[in-house]
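Note that subunit A is present in both complexes that follow, paired respectively with subunit B and with subunit C.
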Partner chain A sequence: MAVPSDTAKGWIWLSLVVLLLFLGVWALFALTSKTFPSPAAVARESWFFLSRPFYDGGPNDKGIAILTAYSLARLCTGFLAGSVVAILLGVILGLNQTLFKALNPYIQMLKAISPIAWMPLLLYSVKDSGWAALLVVFMASLWPTLANTAFGVSNIKADYLNIANILQMKPLTKVCKVILPAAGPTIVAGLKISMGSAWVAIVPAEALLGSLGLGYFVWNEWNNLSLASVIFAILIIGVVGVLIDNLFSRLAGGLAYVD
Partner chain B sequence: MWTRTEPEDQAPAAAPLFGPVGVLPQDDRGGSRRQGGTTVSKAMLEVEKISKHFTLSGQKEPFCVFRDLSLQVREKEYLSVLGHSGCGKSTLLNIIAGIDTANSGHIILNGREVQEPGLDRMVVFQNFALMPWLTVFGNVRLAVRARYPEWSKQQVADWVDKYLDMVGLSGAANKRPWELSGGMRQRAGIARAFSVKPSIMLLDEPFAQIDALTRGVIQDELVRMWEETGITIFMVTHDVDEAILLSDRIMLMSPGPQAKFMDEIEVDIPRPRKRISIIEHPRFYEIRNRIISFLSQKG
Partner chain C sequence: MTDKTKNSDRPAAGGTADSAATGEERVLAGTQDRETIIGRAVEEAVLHGIFRGRTVTRRGFIRQLGLAGAMAVIADIFPINAAKALANDPPKDLEKTALKIGFIPINCATPIIMAHPMGFYEKHGLKGTEVVKGAGWAMIRDWAVSKQIDCAHMLAPMPLALTTGVGSSTTPFVIPALENLNGQAIVLHKKHKDLTEASQLKGMTLCIPFEFSIHNLLLRYYLAEGGVDPDKDVKLRVVNPAEMVANLKAENVDGFIGPEPFNQRAVFEDAGFIFKLTHDIWPDHPCCAFACSREFVTQMPNTFQAAFQAIVDATVFATDHKNRKDIAKAIAPRNYLNQPVEVIEQVLTGDFPDGLGNMRHIPDRISFHPFPWNSMAVWILTQMKRWGYLQGDVDYRKIADEVFLSAECKNIMEQEGYPAPTGSPYARHVIMGKEFDPANPQQYLDSFPIRRG
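Our next item is the complex of A and B:
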């Protein structure tokens, strides 16, 4: 690479060039296909939605901010519940090597299953699409955090636990004051992956279950054959995903420590 | 809990609880044995015939670090165990601290057997063992809170400040351990240990990772705090000069496996001892030579 290293802001230009190239290819493709929306069409559509974010035209016709809020609320609820369960279980497994070894194969297997694959079973079990969508998020949030927490806790330096024991900390104090902060960076790395996979899962879950939200919006616009709106929704999903990821990077930065 | 059958206060005054200090009658160590010594006070920590072995994978015979090791630490004493690296000093110290377990034997502190770690035996670790996610202040506060759970926030903070001040760390209270030099970190470790007022402090080569110039300063500080607080110190080290400079008494440990105490030396050089002038004291080289000659023997 010939990437100039002395220009600290070189990446911004490169980034813009990539964006322009992308828009150019897209515009060309739209020109040749005639039915595919051009960037300009998507921009117009976006403006239409963005200019009335809180529009409420009945149960199936809501502004983009409301839809995003629905998705985020579902995400946060499912993610919080999943994370609490995952961290609790992870701490227990991390402190008990035998249990960890015994359950690890199953955790690895469950981790490999797309949360969407659970949907029929969940829907069958709870018989309610709202709850099923929530449970998909819950499932998606569970495994990466669980695996990371158990790994992080089982790898805590013996010194820290020794100090906790010398200080005669009660079990709960030990967990809060030593185990969780010591494993904090690993746990947050798990939370970040969980959040990512939950956000990825929420779109198809909403689409398939017809629960109000961004995923539902995508599907609805596809049924309306409005590709421009679909592309707009895709952009929103991407942007929200990046923002959430950023949030976790900050959290990770706050908890990081040098050993 | 197993308690001593013979409470210390019932022991006749004429016959001290321990005969030749730290020596079991059948334990043949050679060297001179002091009856009592000049500073006789009762044993506050007794290590009774502890043995430790590790079963190494792929080997039939367990690796025996030491067998039937005994010693006694008197109240307010500075006792050092001196031995080569790998002879089992840390293992011994960790067993006393309760963070490692012996395969047999007993640790008796103030007349009661102890098996779990506790605030009565604070450890100062060679690698400092400070919590890196906490500041220096936070590290000491964690200990103070554990020791005095009923105290108010302000009381705890004042107490922490007092001990940070004692080791000259007030200016670095809000720094994280990794921002500090080894010497500063160990000061925090020492402040943490003193702040909970343990019965005995266990020091595992506390100066080994500190540069030579800082080491002397911190050693002086430690001795000053030890004298001021009247705490008992048990230290393990491989540094001969450090042991002589700091200790009231030194136990020499043979190289492992199956390490034994080979000799025991009262360091009868008056305090305050200065690093520069101690080498001029006539006893210094006698003690030093005796230690060196023992340590260069084969176990």
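Our next item is the complex of A and C:
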């Protein structure tokens, strides 16, 4: 990076100061409240779980790595299915302005609904909590990608499409060689938002449905009123969320193109 | 879970272990030697049989000879080893052995839960059976209706509600065996520690675990007897037990009627006190049950029989106070209740602090008994009608006979050598001094001044 080294250092220092300040306030609060766990207590609890990540104590008690894997598997499956459907629909809508305009109000409305709100309906229709949790992730990842894809495709420079027509490309070739690459960055931006909202939705979905995963862990520890474990789970959820987001930023960087 | 050694390998919970169930104590006294337990149970049953429940004589006999000596004497006249072998013989031709049995992490489910670590399912041929934890009653109901689980721990009113189609789609369910009697309590915030009467609860916000729960029905009954209309004079909120304690701590609510160990947990957390044990409202009232769909019973009769036997066996085992500490250790870990062993012991032994500075000794605070009295079903139905959950004409006896399988339970209890109630499964019960006659449910209903239906 071209940033001067002292500025870079300053940035890190500031970040550390914020962290220390936060821990200090937290520790003070824990001291005064007596029942709220201190940072040290959370650290001890975290170590307990982190030191046995693949522990298996039965169907209701699994190590944190196994639970994270459950959540990630659910996330990936629901997200992949949601994304494929969203991109397909998005391309169709993006290429057909009338259809896009007609359906856009509905898409905007559906986008605004929390995926968790669908849960009772989904559970009632599919009658299986595993599938319901998967469908919540599916719903969460659908709308942002759909909206972005349609927007990206409808804003592709007319020149590109004209050239494709002149070259007499078949429709499928046109989609693969021109449309998707041209709308790529917008689509990836949509995917990133989708992934974020899917990750946000998965925790309450698992907690409400009792499906194994990080959400289940939060609920199981809350049932024991163990706040230290709940805080540990919150940290894990945050860290995994940041890692996923980073992965997508890298992907987006790889897909950027110059006119 | 299939590998028990893995389970006991787990080290103690670190960190804030003071408020979390520790893993170290999960070394299961009962699991280590299942046959000893069964053997002991058979011996007990034989002793029972010989002395026909004359406890004094039996105890005197054992005291003089010691248990081993007594058994040696009896073995001469009774083929005790044959009886042990018979009880150890698992049922045959099971349609399915690896069942999924849903439970809510509360003490009511003690027999259903402990049957797993203590080997009762395996003993009755149900190898690979797992107990799956649910987060709430609605979840357990949905799992059971959609067949994600084969059998379930339910509140006794739930199968009645499911069978009559109240609050959900109509799905016929049965209760082969009850789990616990008593074991619930009304808990109030510490600031109300001077209150003693139902009438003083007017204007409060109180939590109940589920609408179709014995908790809701007993609280409503208790309030109404004190002249408090539960629909008009108090606010009742459906809340998960863990949230009850948290809400009580935060003073969002004045109290709750909850299952154990959450009542004791409220005392442990120094948030509330035990205002009234449900044991003092209706001594030996029914609470939770082992339930499954009628479809399961007809499609897998042998498996049903095996599960039925395992549950009766485990429930009777839990009845004995001398087993209670072992049970507390077996069910406290994260895989099951996920609660401090100390709290569970206070519940199961009946030696507990009440939050007002007193240590109390009430051995029947929670009891376990499998026999599902049909009259209890009728009582539950009268109260569901009383508060408007059930509308129109109710054929109390028909529904009770359909759902509460008392005759079948009696058979299994006798088969396993346990004393079963003789005579009619319709008994009279006394609730807060008022007698309930199951033969006249309508007359009983009409006698209440506060009612909706």
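As a convention for this text, the second predicted complex is superposed on the first by the 251 of 259 C-alpha atoms of A that agree within 3 Å, B and C clash if a C-alpha of one lies under 4 Å from a C-alpha of the other, contacts with A are read in each partner's own complex, and residues count from 1 in each chain.
Just so it is clear, contacts are C-beta pairs under 8 Å (C-beta built on N, C-alpha and C of every residue); 3 or more make two chains touch, one makes a residue touch a chain.
Just so you know, these numbers come straight off a predicted model, no measurement behind them.
Clash-free side-by-side placement of subunit B and subunit C is the outcome of superposition onto subunit A. Of the two partner chains, neither subunit B nor subunit C is touched by A:Ser141. When the two complexes are overlaid on their common chain A, residue A:Asn162 makes contact with subunit B while staying clear of subunit C. Touch criterion met: A:Lys177 reaches subunit B, while subunit C stays clear of it.
Touch criterion met: A:Leu209 reaches subunit C, while subunit B stays clear of it. When the two complexes are overlaid, the chain among subunit B and subunit C that reaches more residues of subunit A is C.
In the superposition on chain A, A:Ser197 makes contact with neither subunit B nor subunit C.
Contacts of A:Ser71 after superposition on the shared chain: neither subunit B nor subunit C is touched.
For the three-chain overlay built from the shared chain A, the minimum Cα spacing from subunit B to subunit C equals 49 Å.
Interface of subunit B with subunit A (complex): residues 97-99, 116-119, 121-123, 125, 127, 129, 131-134, 142-143, 146-147, 176, 178, 196. By the touch rule above, subunit A contacts subunit C in their complex via residues 35, 37, 41-48, 52, 55-61, 123, 127-129, 207-210, 219-229. The touching residues of subunit C, when paired with subunit A in their complex, are 1, 3, 6-7, 10-11, 13-16, 19-21, 23, 105, 130-135, 139, 142-143, 145-146, 148, 240-242, 245-246, 249, 265, 269, 333-336, 338-339.
Subunit A contributes residues 159-160, 162-163, 165-169, 173, 177-178, 181-182, 184, 255, 257-259 to its touches with subunit B in the complex.
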